[in-house]
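Below, chain A partners chain B and then partners chain C, in two separate complexes.
Right after this comes the complex of A and B.
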């Protein structure tokens, strides 16, 4: 029998065998509260340890209450989701969780976005009857992520992301009983671990236990320093998500208002990381063609596939886990760092100021970018190419603090010369976008012919690993795409085993790519939000008059005035990097 | 196929004695079980704190292999079976089968929601049969003597015999094996030789740390799975701890909770935090700071923990609390209403007082008091300063004139 008949809250319902009580109830509009449970549809991500016990319901004939999230329905089942027994148990469990949680909601970074706070409110908790000792742990600050472990409620979402989705394996439950908590082994600091700072733990944490390092204060101080010229760059995925912080529907593009807000905040120039993304394509695409050309000419030494290198968490991941393969990724720096490098040379020269007097701020969907801009190889005389990387969320906070009414802002344009970009650049924000942008340019540079089409639907989507073969005018190029480091690991292991069929692979650490980055507005387990952001990114691409990186006039000008040609010595010095073995 | 030898109950050592004394009974049973369910590998999950049991099990496995009773093509039947050992680190919760399996897989020893049961998806995702040492040890003898013989022993629903670890305030402590259906009285007075020092029986706790405390009125109850369950306790692993009139039942409940509190894996909130709060409330009561509401709170919270916990540990950990409240409510009331511990065990509630009429001023208590809390002249009644007294009871023991009373 493939269908099950049951009754939930006196309503008969017919569902497929294998459905949980939670899903069956959802199907008929009954919302059973959940806390540890999280499911991102289409991304194959699900957390259901059955640990929080908030979703317990009463099932006739069963001795104890059943956790709705991980109990399958059975024939003739009679479920009551709001019997006095279930509600009393649910509220008591909530009181217990709250009794071991700091009550500093008023000043918590997660206030207003906290699943625990929301749940306590929805369950009508007004008093905690079971007061007692609270757990205390050391706070851990890393270059990107802060762990306030006292606020951990053992939902295990971060652990699932870190271990199952990312296969990084830093966070797991330690200790026993009342002292159990999710932490790195031996309670070591994150920055001593193999953490990649992908921030997916932050993205799914229901409380304030995991948050990004807040650098808004430093940016405000720089902005108020009259001796400094402060410029800002905005990553592609930010424009597709920032609106959510101001009540817009997910997937609303707010590019013009974003620019206007940054100008109101006092940035001297508002530039676009997309410009640097076009530059990345010039360098990475050229490198790709170079390696491919040698490969096709029969060079056995050349390393293929070439892997993208825009994502700092991905870079740190292979430095820790696959150091033997550090020659394979493209040496091209990420767009954030290319921007910083060009800003502090080419643009500083144009302004006639010293690099020390130019402050570069980036707005990123990412927490790993905070770590990336602190890497030693991206500093000159200890002055970083990018001074501060703020997340989309931090920017929203900054706008709110500064009394800027975001919704009434006019749409404004980016400044030049580092603000012009193409449609190829904006799609960097989603999985599949970097490689599609590279294909658009590499195809034309390789074949010297105009692309017959610009949309490569075969490279798009949300599947964790995707593959496609693109015809480069007679030469089939095999392309692989992975998002989520666990998926990346699979492709890397294929390469290690000599079984990879790909010429080029795009890798992004976060599920969905940067639109699902650890610094984006919280999705609260709703994968629909990520899909809407993705649609917005492709929509922005089609709106652009220029959609191929090599046609960006300011990129052409940059090479003419400053860099020479892609992969030139100057370009190599400013736009490329090296990777390090971090297994020691 | 898995043999659960992760005996974790405090004071229980039935499995250890079987593995140390007759490991072949378990090996033979595992091979039989493997033959029945077409399994070619048996794993024994045994706690590393049992070095002797491990050593003897290894010897026995080697012997069985030498005789061709384990290994490839056993006795020419075409059936092959091998047994490997897996060591546990001594976590009580790893006796729960899903936690045990996770531990064997190299994961954190935490239970997961059932279904799926191990028989559907267990070790490495494969169907897995998990049985206890004692269960296995019964098999060869049943095969040899027949089910009819075995069924003659025991009660209608609980067949065979059961091994108990008899402990506590009883004259003969140790392992006993009795037919199912033997009464508690027979176990305690006939086999156990009665209560130590002729004191009065108060309660017997069965089933390990999450069992219940049964009173005098259950002494003539035949021991089997059904009766123990109906009485608010359980068979559990077969632990049996006898308490006498000197035991404070609130403290006993607290003692057991201390154990489950430490042994909880921490995965689900009611067990992780709820048991901690239960323990704190019990502690408050034994300190003399409890009130009637606390007793009510204990009951409500205990029931929620039982109702919502993920695995058997949390679902049964409040049993000692609920059963002591049900059977010894007067003791709880004495603590919270009168500030008294009837058994004189809760130190915060105990006061040693010198009866002036009986004290002849011999100074023995004065000289033995370790903290100088007793004052008085020779041949004049002495006095205990309650603010200094640490309630060690030395004065009470030393006094030859029964002049010191415990309030």
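Right after this comes the complex of A and C.
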């Protein structure tokens, strides 16, 4: 192995050839400031356009300063990361960036979470010596994401996410010089583009240029309306991340406090999307077994593999990019929408109120869920099954506004009947979780035998595409998992080419699955946070007394009282959907 | 933006240019160059066909089209007029020449006359600084152009097409 010897800030260091100065410094505990640079370890996600020049360092014998993020080390290099020249250059660069940035930090949605603001603070910027014209661009509001381009610093992280990682291809740098902005083709608005609202651009934006549509005000208004019954559902991944907003270590489960906080906020019933995730498994698992059964019986008409359909960004992605395959994904609605549908029929009936008087709010790790609940097929007489979808971040803001001391809250339990869930449901929050939950139920329904084990380690992990064969009592079932839409695209192209060996594939749009969703507390480029959330999710699963969806007593009761059996006519009407060709 | 329906012929032309460059995304600039050479400009619909042909996103194609001033999304006139704004031409009165073209044609820089005959653009140096100020119309170079000559030059081209029309009739 080729190694390189160099000195950084008077400390000798030995690293592999091809290492950047930034990484070599990191290895010995020297933190060189970066702004446009971002790397998510283990997820193969890296942005290093070398554009912002904040990370410049002085290298002996080199005329100009070197950008540490994209300069490889060389033998005998002597690097000074905090020479007066490097510090001055860094501060000048920051002042120049700030000279074309709106100074409305006090009222910016990103304030306190802004990488630019933090960097300006860390560099001790107290005055901007450069004054001149500022660039202006129109604001773009879509059902889920707001683009406030004036706050863009052209770091290109969103562009990298949208193109390289997600292969959605909506955002690109356009025009040149002072007029350059990141925008969709022909400068159309996001809602006219093929944007999936996955929100990964929002998740990585260092400033307030990309944020979610804030609906906390609407929820507060609904809560204060005495004529309305307001209920809430919480997605699996929220409990593993919300704590970060209140100073807890990443990966701390705050399920009980989450329930308590929602109750303090005034929700009449606090329910769990996990309940609907169990319901999803009943429907999707049954559909999977039906298709598999027909396939194994030799039916050539049946379409395989079956693809999961819980993720709204993924649904919109294949509607735009693979409309010829819209018959392949499961017809099962997402847990959010199953919950809304059941809440506004079964539960509204139980309460004896009209659907119009019931407001369903969901707390989601996702910005695409805002778009999903607005889709026409999820409305009855123009009344949506789910009224508002808030992100984990919006919920945290709501808790802070409401003077609730989150850390001192007691642990409380979800309400019933829509609050009981199994370990299978909670793992929906991570990549690999939906298919593992489906396997637990499908195996037992298919073989009529009890599973010898519940943890399927072969389905777990952070690799972008994973494959495993599960033995269904003599029948090998090939399972594929993809997270990140670029990985999903690879599996879809295999299917299109007739080369796919899979019987079932799980797809989640966001790297890591919902734990890495676009609506989660910002990870600021630290992939370790995602891994800790994932561990928390599996930990919650093992703590549950029931870990298989078909054993959830309230699910059994729901079928007995209301739905009949999985895939019944009523279940079809309330829990399944169809997909649309969005190419025109 | 009004949608243009591309003819099957045009689509085939674009596709064959893409194929000529092995449908490689890295050849985007060459493809754009060649397609603009054939069609005169690169409207949105053309960029969509190119994006598909090179298996890249329309946003990326649009990004490149808007980055290089050579590429245009506005149809160029039959006689594309360019006024050199290089240093030599500028100091010798190119701005006044440009102003006169704008007045005579009633168009701004980057626009075309409604009849599609003339389009007006600026460029930087054609390497004929000795002839400053320089105006090019199509492939033809006019040197030492004075604002007073502008009307005459335009009339020459107008008549040219009138006499050609007369010939073909």
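The definition used in the following text is that the second predicted complex is superposed on the first by the 583 of 584 C-alpha atoms of A that agree within 3 Å, B and C clash if a C-alpha of one lies under 4 Å from a C-alpha of the other, contacts with A are read in each partner's own complex, and residues count from 1 in each chain.
In this text, a contact is a pair of C-beta atoms (placed from the backbone, for glycine too) under 8 Å apart; a residue touches a chain by one contact, two chains touch by 3 or more.
Treat the numbers as computed from the prediction; the structure is a model and nothing was measured.
Trainee: With both complexes superposed on chain A, which partner does A:176 reach: first (chain B), second (chain C), both or neither?
Mentor: A:176: touches chain B and chain C.
Trainee: Give the label of whichever partner, chain B or chain C, reaches more residues of chain A.
Mentor: B
Trainee: Just checking: does A:61 make contact with chain B only, chain C only, both, or neither of them? Give me first, second, both or neither.
Mentor: neither
Trainee: Considering only touches as defined above, state whether A:185 meets chain B (first), chain C (second), both or neither.
Mentor: Touch status of A:185: second partner only.
Trainee: Once the shared chain is lined up, is A:163 touching chain B (first), chain C (second), both, or neither of them?
Mentor: In the superposition, A:163 touches chain C alone.
Trainee: By the touch definition at the top of the document, which applies to A:53: first (chain B), second (chain C), both, or neither?
Mentor: first
Trainee: Does chain B (first) or chain C (second) touch A:124, or do both, or does neither?
Mentor: In the superposition, A:124 contacts neither chain B nor chain C.
Trainee: Considering only touches as defined above, state whether A:29 meets chain B (first), chain C (second), both or neither.
Mentor: It touches nothing on chain B or chain C.
Trainee: Contacts for A:153 in the overlay, against chain B (first) and chain C (second): which applies, first, second, both or neither?
Mentor: first
Trainee: For chain A, what residues appear in both contact lists, the one with chain B and the one with chain C?
Mentor: Residues common to the chain A contacts of chain C and of chain B are 172-173, 175-176, 180, listed in rising order.
Trainee: In the complex, go through chain B and note every residue touching chain A.
Mentor: Per the touch definition, chain B meets chain A at residues 91, 108, 110, 112-113, 115, 261-270, 272-277, 280, 297, 300-301, 304, 306-310, 315.
Trainee: Which residues, counting only chain A, touch chain C once they are in their complex?
Mentor: 163, 168-176, 180, 183-186, 193
Trainee: Considering only the defined contacts, which chain C positions touch chain A in the complex?
Mentor: Touching chain A from chain C are residues 1, 44, 47, 56-63, 66-67.
Trainee: Give every residue of chain A touching chain B within the complex, in rising order.
Mentor: 49-53, 56, 64-65, 67, 70-72, 85, 88-89, 92-93, 96-97, 99-100, 129-130, 132-133, 153-154, 172-173, 175-181
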